[in-house]
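Dropping a structure here in structure tokens format, bear with me for questions.
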Amino acid sequence: MVQGITGRDGGFHASKMRDYGTRIVGGTSPGKGGTTHDGFNVYNTVVETVKETGADTTIIFVPAPFVKDAIMEAADGGIKLIIVITEGVPTLDFIAARHYATALGARIIGPNCPGLISPGKSLVGIMPGNIFTPGRTGVISRSGTLTYEVVYNLTLAGIGQSTAVGIGGDPVSGLYFIDLLQMFQGDPETDSIVMIGEIGGDAEERAAAYIKEHVTKPVFSFIAGQSAPADKRMGHAGAIISSGTGTAKEKIAALEAAGVTVLNEPADIPAKIKAVV
Amino acid sequence: MVQGITGRDGGFHASKMRDYGTRIVGGTSPGKGGTTHDGFNVYNTVVETVKETGADTTIIFVPAPFVKDAIMEAADGGIKLIIVITEGVPTLDFIAARHYATALGARIIGPNCPGLISPGKSLVGIMPGNIFTPGRTGVISRSGTLTYEVVYNLTLAGIGQSTAVGIGGDPVSGLYFIDLLQMFQGDPETDSIVMIGEIGGDAEERAAAYIKEHVTKPVFSFIAGQSAPADKRMGHAGAIISSGTGTAKEKIAALEAAGVTVLNEPADIPAKIKAVV
Amino acid sequence: MKIHEYQGKELFDRMGVPTAKGKVCRSVEEVLSAYEELGLKKAVVKAQVLTGGRGKAGGIKIGENREEVAAAAKAILGMEIKGLLVDRVMVAEAVEIASEYYFSFAVDRNSKSVVMILSREGGVEIEEVAAKTPEKIEKIPIFPFVGIPDFLAKKAAAILFDDWKLVMQGKVMIQNLYKLMVETDASLVEVNPLVVTKDGRLIALDAKLNFDDNALFRQPEIESLFEPDEEEKREQEAKANGFSFVHLGGEIGCMVNGAGLAMATMDLIKLYGGKPANFLDIGGSSNPRKVIEAMKLLLSDKDVKVVLINIFGGITRCDDVARGLITAFNEIKTDIPIVIRLTGTNEKEGRKLLEGTPFHSAETMGDAIKKAVALV
Amino acid sequence: MKIHEYQGKELFDRMGVPTAKGKVCRSVEEVLSAYEELGLKKAVVKAQVLTGGRGKAGGIKIGENREEVAAAAKAILGMEIKGLLVDRVMVAEAVEIASEYYFSFAVDRNSKSVVMILSREGGVEIEEVAAKTPEKIEKIPIFPFVGIPDFLAKKAAAILFDDWKLVMQGKVMIQNLYKLMVETDASLVEVNPLVVTKDGRLIALDAKLNFDDNALFRQPEIESLFEPDEEEKREQEAKANGFSFVHLGGEIGCMVNGAGLAMATMDLIKLYGGKPANFLDIGGSSNPRKVIEAMKLLLSDKDVKVVLINIFGGITRCDDVARGLITAFNEIKTDIPIVIRLTGTNEKEGRKLLEGTPFHSAETMGDAIKKAVALV
């Protein structure tokens, strides 16, 4: 289901996802329940949508000030996977909503993310489906268009993707590198993993430690922001080098020490994957 | 450990419990950390007590306005079983504290309860240890002295007790009839169960439904308040017949329908147990 | 602790919960001047008593004009409802009702939380609805630290209303009522009926609030709303002495330590054909001072013909209790026969001390009660 | 968003967090009248600049009397710290410090919560403590709906202090600072050093606050505290157009859709020996209006010698993007060479449309960057 289905972005991407083959059972728009929008059934509340359609996954497009309530509503309604596309969500809002959703057994991807896609199967996000192709490489990324760039290069080189997940560019997010590395490691349809990181935080360093211990599939990486200055937010709220930590250099060193192949150019990734897998 | 160990009740019963053989490792009294009280080590906080002593059970004697914080502190400190003796705890305080403690994996008995005792082994409560005797009958009760009355009769009749638990007289409490029936049913040291209920709420009716489904050991019961008027609180905050529900008559009928032997006089219980077990 | 509807309405007003305009009055004259002052036409006059079923008892009447309202007030003021004298009424706008609903927040023993209870069957007793058509009642438990986020208030309101404008009005009302519940330590906040008027307004037509006695220590303003009747005053005085007391109207005065044992004592008196005069739990200890105060309380009831003292000596041993009782009764001289039953630790020593005193001593509860019943 | 220490101190004062008495001043004269007004003796003069390491840079000086304070103010006002001009100082009571501590609330990415960070090693940079003696730092995650109950505030304060009186002072301070954090949507509330004075008072000697940019829409008062420097003003203007912009000082102006791709573009320019002039993410779509505004922004930087446009056409196809670019550049006339790289959906069609235009078109990112570097 889609929360905010009558909004500009929600409506547009609902159609795109349907075109890609995703089963979109409807969406919410408070006060517009009972109507239809572009062929989708519109409901007032999540609980009503779930009751009528049995939805178990939601994608949220509502404006940033309402995302906290939307996430909590989804979790309360019994939704188990919540994908938050909206950008600009206040951090304390997300922290609270995530805490609530986690207590109710729901998982979150995002906010400020492009969603996820299993090429040829389903798209729950805003990614351009046509640049993806089915295959056996898993992709995890903090970024949007940079992911597309990488995936496009993979697709052109004949390397398909099992699943690609944009985990979002905010400092605090739902599922993150380690969660998804674990899933890809356990996924029989994935042979290799591409991990696209960027400056800010130490999630890549933590991922490196996790890879060293638990991941046997080959991992390839690109870290954006090698030339970024300190203390400046590079677009993403999470992409900031603060107090000298969160630099690309540290991340690359950690990943390489964990046996990850870190590339200088996104375009070099396909050849390296071909050489190994 | 004992929260409120330097208080009048806390200090008195800490000694009593120690005399009974319970391993009391110390207690808290904010601001008095580092001192000793009647031979017990006193700490400022629960977390400090747990760190120094490895305590996993606490008994709370702090005044009612501070019980909410004390329960939360215990759960945060890693305590797994919290027994609240204090009477007069505001209901919304207890609801919040219980929610917090449950989320952290702690269980609560009480508030407004006499605690629990495994005769001959340990006493975590304010019960007079000398009236109990080891044996194979489990006792669950919403009341204090009425429990003693029943237990005293059992002891005099030569029927020992495996464990006796006072679950408290407040409308909202921690572990309740069903939780303890389940434990006694699974306890190899218990052959029969005495359940002492009273007016107010429908916990006895729910217990009856549970007994019918899950309890194979013989259960004996006494329900206090058969002659109580409606809408009057009979001492215990939870002992009130409101809107015509919570009467002793309903409870007795439900229990009898579930195969429980309900007695008119506490003194009749021992003979009935002897007849069956 | 319960308060009157008009007091609840004042709390609602302060919290921004919409109510019908109205005023509490103690005489027909006051009713008429309130009627003018509020600019009412069709008005309702409601008895203010702390019990349910006012409507059935004739305590709620509608007047189309000044004369009818005066007549209604005259009829209701001074009447008795379930034994309670009506000494004041509320006169209020009689709104044009389009539909009625039930709404409340209550403390739920089973889910161990506050629950929101909603039904499209309003204006009737919720217990009736629960008994006959339980599927028409929805219960939503509230997470204590989370409270009622917007989505939850909307989800709840959407259970009652189909019209989204009403859902949004309901959302605000629900959040305000919850705030009232938490801020005042209420154990029940009930609106029955909650109505939608013909002009589309949501109005709380009744306001029933109960408060948690255990929390009154931090709710002085709420406590000040309490108007005890004669019996409740006695209960309050008893409470000030550390007792729990309820008058029952019989002839055997009881003094027991512990609420459960006190109830059991009452029950057995009845079982043996007697009539308990009261429930009295004197609490944990039983020092002479307490016994003296308790005896005064019992003896203030002129119907009491026998006093039965039933004490379980646990940590306080029976011999100490017996000494305390003897000390106490040396101070209080009374001709009323007193039956004492001491049981528990050192009970034999205790009984021995009572030998030779004017008290009737008994070994078992049954024995003591039989003696007390025989002495009436 | 960051604010000055004195602004943080004002927020602390308002929330009841004890600070040393002091005042912000913009001249030596102001410093001296504040010195009199506050009745100071030994005083500290602190540069108010939005960076750390003021002490090391000579931006904090102590004066024992009026003359020394004046000299300190004169020395500090007008100095530069890490490239930032000091245009104001705070003059404050120099308290007699008995011991120093570190305290903060920060948003923690890993535990996905607000954490309380405490250390008995105060007054030094916490990163240094974390690197050298991590065991001297305690972190306590906060449950968002629960906040900081009394026990948690006491438990935390007891990490810093052995004396229970200080624990109780610390408890109140911790609860007030958390309230400040939540009420202002701060992402960092740091007190370093938190001191205990020789007369046993707890005082926040510094006040560092960062705020969540994403929450400024509901924090107008906090937003009004923001004093952007020249660069930040340009970033703000860019933001008003829906851009994310950071000036970097090189010669190749970049216009990219998406933050990650924009960073990667900068990185590759450097890798290929060029110098990026900026980071510029023009966001999801790339309509002509946006391109025009972005070009104006790039061209306002006189160092820019080449412009590199790197657009990934996903849902918006490359041919549409190319048409938009042509429309935009028909309006903006510029002599600066422009390299355009379009990739993604319909990229061939897009490139075809750019044939015969004055733009330098490139197929791959590497190719585009090589061309741009060569054109400088």
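Labels for the chains are A, B, C and D, by order of writing; each one numbers its residues from 1.
What we mean here is this: contacts are C-beta pairs under 8 Å (C-beta built on N, C-alpha and C of every residue); 3 or more make two chains touch, one makes a residue touch a chain.
None of the values given here were measured: they were computed from a predicted structure.
K.L.:
Which chains sit in contact with both members of the pair chain C and chain D?
P.N.:
A, B
K.L.:
Please report the minimal path length, in steps, between chain A and chain B on the chain touch graph.
P.N.:
2
K.L.:
Does A-D or A-C have the larger number of C-beta pairs in contact?
P.N.:
It is A-D, judged by the count of C-beta pairs in contact.
K.L.:
Counting only C-alpha atoms to place each centre, which chain is farthest from chain B?
P.N.:
In terms of C-alpha centroids, the chain at the greatest distance from chain B is D.
K.L.:
As a quick test, compute the distance in whole Å between the mean CA positions of chain B and chain C.
P.N.:
26
K.L.:
Using Cα averages as centroids, what's the distance between chain B and chain D in whole Å?
P.N.:
One centre to the other, that is 55 Å.
K.L.:
Two or more other chains touching the same residue: where does that happen in chain A?
P.N.:
Within chain A, the residues that touch at least two other chains are 100.
K.L.:
Which chain D residues sit where two or more other chains touch them?
P.N.:
Those would be 143, 145-146.
K.L.:
Based on which chains touch which, is the overall arrangement a line, ring, star, complete graph, or other?
P.N.:
other
K.L.:
Which chains touch which?
P.N.:
Contacting pairs: A-C, A-D, B-C, B-D, C-D.
K.L.:
Name, in rising order, each residue of chain C that touches chain D in their complex.
P.N.:
Touch residues, chain C against chain D: 143, 145-146.
K.L.:
Per the contact definition, I'd like the list of chain A residues that touch chain D in the complex.
P.N.:
Within the complex, chain A contacts chain D at residues 16, 64-65, 88-93, 95-96, 98-100, 126-128, 130-131, 141-149, 152, 169-173, 196, 198-199, 201-203, 206, 222, 224-229, 232-239, 243-245, 248, 264-267.
K.L.:
So in the complex, the part of chain B that touches chain D is made up of which residues?
P.N.:
30-31, 33, 44-48, 68-70, 72-73, 76, 100
K.L.:
Considering the complex alone, what residue numbers of chain D touch chain A?
P.N.:
Residue positions touching the partner: 52, 107, 109-110, 112-114, 125, 127, 143-145, 182, 185, 187, 212-215, 217-218, 244, 246, 248, 256-264, 266-271, 276, 279, 281, 312-315, 343-345, 364-366.
K.L.:
Given the complex with chain B, which residues does chain D contribute to the contact?
P.N.:
Checking each residue of chain D against chain B gives 146, 149-152, 154-155, 158, 164, 167-168.
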